[in-house]
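Just below sit the structures, each encoded as structure tokens.
Both complexes shown next keep chain A, but they swap its partner, so chain B is in the first and chain C is in the second.
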Partner chain A sequence: MGHTVLVVDDSATMRLSLKTTLEMHQFQVQTAENGVIALDWFRATHQPPALVITDIHMPEMDGLALIRELRALPRGRFLPILVLTTESQEDYRQEARRLGATGWLIKPVRGSDLLAVIDRVLPHH
Partner chain B sequence: MEQRTPDRANDLTTLLTICRQQLLEAVEQTETGVLRVTERLKGVFAVNQARVKEFEQALADSQAELQRWNSESLAPQIEEVARTLAQYTSLIETATHRLEGLDRRAQALAPLMDRIQGVARDTNLLALNAAIEAARVGEAGRGFAVVADAVRRLANESGAMAQDTRSQVQDLRQALSADINTSRQMLDALRENMNASLAQLHRAQQDAWAHMGAAGETLWNALAELKSLHSATVHELSEALGEMQFQDVVRQRVVAVADVLEALERRVGEATDGMPAALNLTDVLETMQRRYVMRSQFVVHQRVVSAQDGEPAPVPPIELF
Partner chain C sequence: MNPLLAQFVDESAELLDRCNEGLLRLEQDPQDRAAVDALFRAMHTLKGNSGLFDFPELTEVLHAAEDVMEALRLGRLQYQPSLGDLVFHLLDVVRQGVADIRVEQKPTAVIAQATALITALKGWLPQGAAEADSIQHEPSAVPEELQLVLPFAAQTALWPVFETVDTLWYIAYRPQPDTFYHGEDPFWHARRTPGVVWGTIVAPRSWPALENFDLYRCVLEFHLVSQAAQADIAHHFQFQRDSVRLCALDRWRLADLGGAEALTAMAGARREALVSLLQRGAWEEWERWLAEEPDASGPAAWFRGFAQAGQQDPDRLRAAVRHWAVSLGLETCVGTEEKPGGLPPSAASRPQEDLGRHDAVMPSTATIRVPAAKIDRLMALVGELVVAKNGLPYLAKKATSEYGAEPLARELRAQYAAIHRIVEDLKMAVFDVRMVPLSTVFQRFPRLVRDLARKLGKQVTLSVVGGETEIDKGVAEILAEPLMHLIRNSLDHGIEPPEERERLGKRVPAELRLSAWYEGDTVIVEVSDDGRGLDSDRIKQRAQEKGIMTASDLARLSERDAWHLIFHPGFSTVDRVSDVSGRGVGMDVVKQVVERSGGRVALDSHKNQGLRVRLMLPLAMMSRRVMVVELGDQPFGVPIEHIVEVVRCAPDGQQSLGQRATLVWRGRSIPLVNLGEMFHTIPGPRLNGFGECAVLVGRVDDAEVGLIVDGFRETVDVIVTPLEGPLAQLSVYEGSALLGDGSVLLVLNLRELIQWQWS
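And then the complex of A and B:
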């Protein structure tokens, strides 16, 4: 199996569809329902992910807060983080960019488009 | 008689609650359905992948088995046949050489027979002369004449024996010659057959390999085709899974509507000064618009209240910062 991808989304359908798509392409996938669970796993794991795909609108801790927290950690400083969200308003996109998100994708994203973006942010996966 | 305001308010609250719960349950059902479909798609992938792996493994196993059969069974059998034939050839060759040796030795007996016959002839002449001389001396040579006669008979007998031996040696040589010829013919036939048989076996082996190679190539091509089909399936499944994300978009939009319905329920419940004319919902509309997270939500809202500002600029669906 290849790199691990951390998928953070409060939607069960999103988590399952992303996990299935990525596993079909030899990625290992860790899922979390919100930023708090994702951050706890990220701090505890011995095998940090090569990529994070996160939603914005989530309970407990939203995607923007998660990006902020991850960027504050040494292991998360240069970690590629893709935001995969509904067609959010411009200020969310600007904030994600300011916090250091790597890319911005609007749901629904086709599998081939998602994989093409991953190819660009993880060229040697 | 017209209902009093609290009752009407109660009805409206009930209606709003029903609408909200219907919406939320519909979303829940959609989510359950999409999860099931996703699991099915995952199953399609798993089955396909398992088939590809099984086919690949079976192909690799059969190729290894063929190689093992060739190296452990076919090739050693051909070697065994060649070794046995070589052993028989060697045995016949040795026997032929021995027969040839015997013939040479029998041939060497001929001069000896000549010499024996020569000696017999000379002895016979000598005995004849001795008999003549004995007759000439008369009575005194009578004893000598008896001896000469005996010597002559012995000489004749020796000559006859030598002739008989020569004849038997010739018979022996003829028999040896026939055996040697037979042996040589056998040897030639064996060598010819051995070479032909071995060549045939090798050709059969090569033909078998060629056929197996062709069959193997066909199977490997089939595997490549199967893998290609699997890749195409994975691509289509990935696209389908991407399309499934519509459910999350719908869910968020419906939940936003349900939130507004809940706000309305509260507002209606609080209304005491008449329904519905006195219900001021401006703040609810503003809150609703403020909480939109999608452009499409904003667009629908604007379409209804068209006097408001225009649509926000579209955002590219994929952007790397």
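And then the complex of A and C:
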């Protein structure tokens, strides 16, 4: 059984897209619509994810706040976190890095790019 | 329709509804922040989703719309009803386009109107916003000069890589201290760098104190050399852009890093030959030169790689060699030639003449040759300075005791501390100048071994290890003779003739090893062979024959103690006197010479497996540290390395063993010497209130002795000079030294005292 990836995005299309690609490559995928739901699941789960991929703009709790919350949790401190941004959102990328994100994915995410980046940030993949 | 596209169509309808709703609220209240945010987010998601599919027009239109929403959100643009009209229209077109996808697999309505919509939307965008964005991302600081950490051996290993690529990349990756809190694994990441051909971890120059040490702060740097393309490396460090510095490393850059060092590391004659033939471009000779150099890791290997990598541009290669040679002072012809009015040197005396004008580079001289005598003089002066410096504490003491000027004494002591530090640094600096690699001593032995082995009909391979170990020139100079003795002994007595070795099932040729390495402040030089080893029975027998010891004394000797008999003057185990060694002046000379320089000799042997002789030598011969003890009112020095302990001894702690006084010390009886009695100082031992006297326990090799003294003073660094004239025969003194107050200190020779005590 592969690693679990937590995908947080308010768009069902984006979640489906990432989930499909990741599952094709033997990852288990847990999805959440926004930061609050993601955080609730993360706190409760017995199978913490090996990687979090989160969108930035989401209702309830956005991606930046989610990073901050995850980094404050003992088991989220060293977790690789990727943010989903668009090409033009350089300032969000830098802000996310500052808050503790590991890296970013640029939308639209191609399958090969997604796997290459995961390969770089997920040490024991 | 595939499930993802179906999901997109469904979600798009929902998102378009949300956009509509947000826009309506905004029309009601242009200041409604929540409405702007919702509108932007929905548009942003819509655009992001569209990018998953091959609908470029749809994505572009939504992208332009998102930019306008973002401008609204950031307050760069004020909502106006006419903008609302445009966006409502856009939403309608997109909705139609998405519906088209369901039927026609493409957003036909959007494709038709894309250009018009995009132009209209861009018209709303404030000017200059894009420019402002781009300025923000300019690199903020000029990168600091990158320090390449590339050891000599690594350089040698890199040369072959230039057969496939012209440029390597040197990568210095210094992860942010909080890298772990970014979910990063810097070590793993560095390891995974594409095309890595070399790497090292660079530790910080100073570590935080243990109590401040944070396990989760990364303080390490990773330095790598990669043969991958720059773009691939940049991509790998995409998220660590600010933590990584790159430096192109072509063959010439690499050459500059190690050339001078490689030349320096080479033995003199080889080096000059190399410089000369590289300069002349004599490639046939070059091949021959390489063939003579079996060493696969030393400077020759470096040059082999360099020549291989640099052959495409022989002129540049030659210029580089020349540059190093000049900077090392190996070649000085440029200076002569370019000196105005200088005599043109004759062609015969200057075979490298044509190269004098080869390049205009005039490197600064990195190395100068200095006659050894000048350095010796410098060393002697430093020695005197050490002694003169020791005058200050006396002065401080005098200031207090005679003039009662305690503040002045304090200042003197502070000044002393400062001068002491400088003198110590100076001493180390001069000391460093005097260091020479042991290869200067070792290099004569391969030839010696070859000749001797041939003469004695033995087959031996000599391996030399650690020639780069540096040692004080003075020590190196006196080392040649003892090493020669040891090697001769091994060849003559230790190593068996080939037929005997074959009979014993031992390897032919025999192995003789000469090795050197550091151990703390000591340099160990070891000569070992796999020959007969020491035969303690034969040694004892010989000692008895020579009258060195009586049979009953010999019977009590352990095997190890028996070995040490070979150091006895006049001892020789060979029955015939060969012309190689065995004149009875071998091992005792070795021991004397080594001990004179403050070193020690140790033996280890296994019968028929070989003998190992270790010379443990001090790194430097210079000032000695001695403890000053009192006998009556007279001070004497005892070398600190021989002092084990200082104890008080009650009268009942002393015993008599026959004629000798002994002291029970740590459960053992050791001889007790009453120095006062020996030197006839009056009165006898000074006793404390409990009738105890002070005893200094000293050790030389494995023998201990207790010395009854009257008192202890400080320890001082002194230069011990051997006694001269009639006094030179007083072997209980190692020599004399001048103290800071100008008085003379006699330094005791504990070894002699112990021997004298036993005889």
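Annotations for the structure displayed:
Keep in mind that, in the parts below, the second predicted complex is superposed on the first by the 120 of 125 C-alpha atoms of A that agree within 3 Å, B and C clash if a C-alpha of one lies under 4 Å from a C-alpha of the other, contacts with A are read in each partner's own complex, and residues count from 1 in each chain.
The rule is short, and it goes like this: contacts are C-beta pairs under 8 Å (C-beta built on N, C-alpha and C of every residue); 3 or more make two chains touch, one makes a residue touch a chain.
From a predicted model like this one, the values you see are computed outputs, not experimental measurements.
In this overlay on chain A, chain B clashes with chain C.
When both complexes are overlaid on chain A, the residue A:Thr86 reaches chain B and chain C alike.
In the superposition on chain A, A:Phe78 contacts chain C only, with no contact to chain B.
Once chain A of one complex is fitted onto chain A of the other, the partner contacts of A:Pro48 are absent, as it touches neither chain B nor chain C. Legend: residue contacts after superposition of the two complexes on their common chain; A:His25 is shown touching chain B, with no touch to chain C. Once the two complexes are laid over each other on the shared chain, residue contacts for A:Ser11 go to chain B and to chain C alike.
In the superposition on chain A, contact of A:Asp113 is made with chain B only, not with chain C. Note on the superposed arrangement: chain C collides with the chain B stretch 23-31, while the other options among 23-31, 131-139, 167-175 or 185-193 stay free of clashes.
When both complexes are aligned on chain A by C-alpha atoms, chain A residues 11-14, 16-17, 20, 57, 86, 88, 90, 97, 101-104, 107-109, 120-121 touch chain B in the first and chain C in the second.
The touching residues of chain B, counted against chain A in their complex, run 31, 34-35, 38-39, 41-42, 45, 234-235, 237-249, 251-252, 292-296, 298, 312-313, 315, 317-321.
Interface residues of chain A, counted against chain B in their complex, comprise 9, 11-14, 16-18, 20-21, 24-25, 56-57, 85-90, 92-93, 97, 101-115, 117, 120-121. By the touch criterion given at the top, residues 10-14, 16-17, 20, 55, 57-59, 71, 77-81, 84, 86, 88, 90-91, 97, 100-104, 107-109, 120-121, 123 of chain A touch chain C in their complex.
In the complex of the two chains, the chain C residues touching chain A come out as 3-4, 7-8, 10-12, 15, 38, 40-41, 44-45, 47-49, 51-52, 59, 66-67, 133, 136-137, 178, 180-185, 188-189, 192, 236, 238-239.
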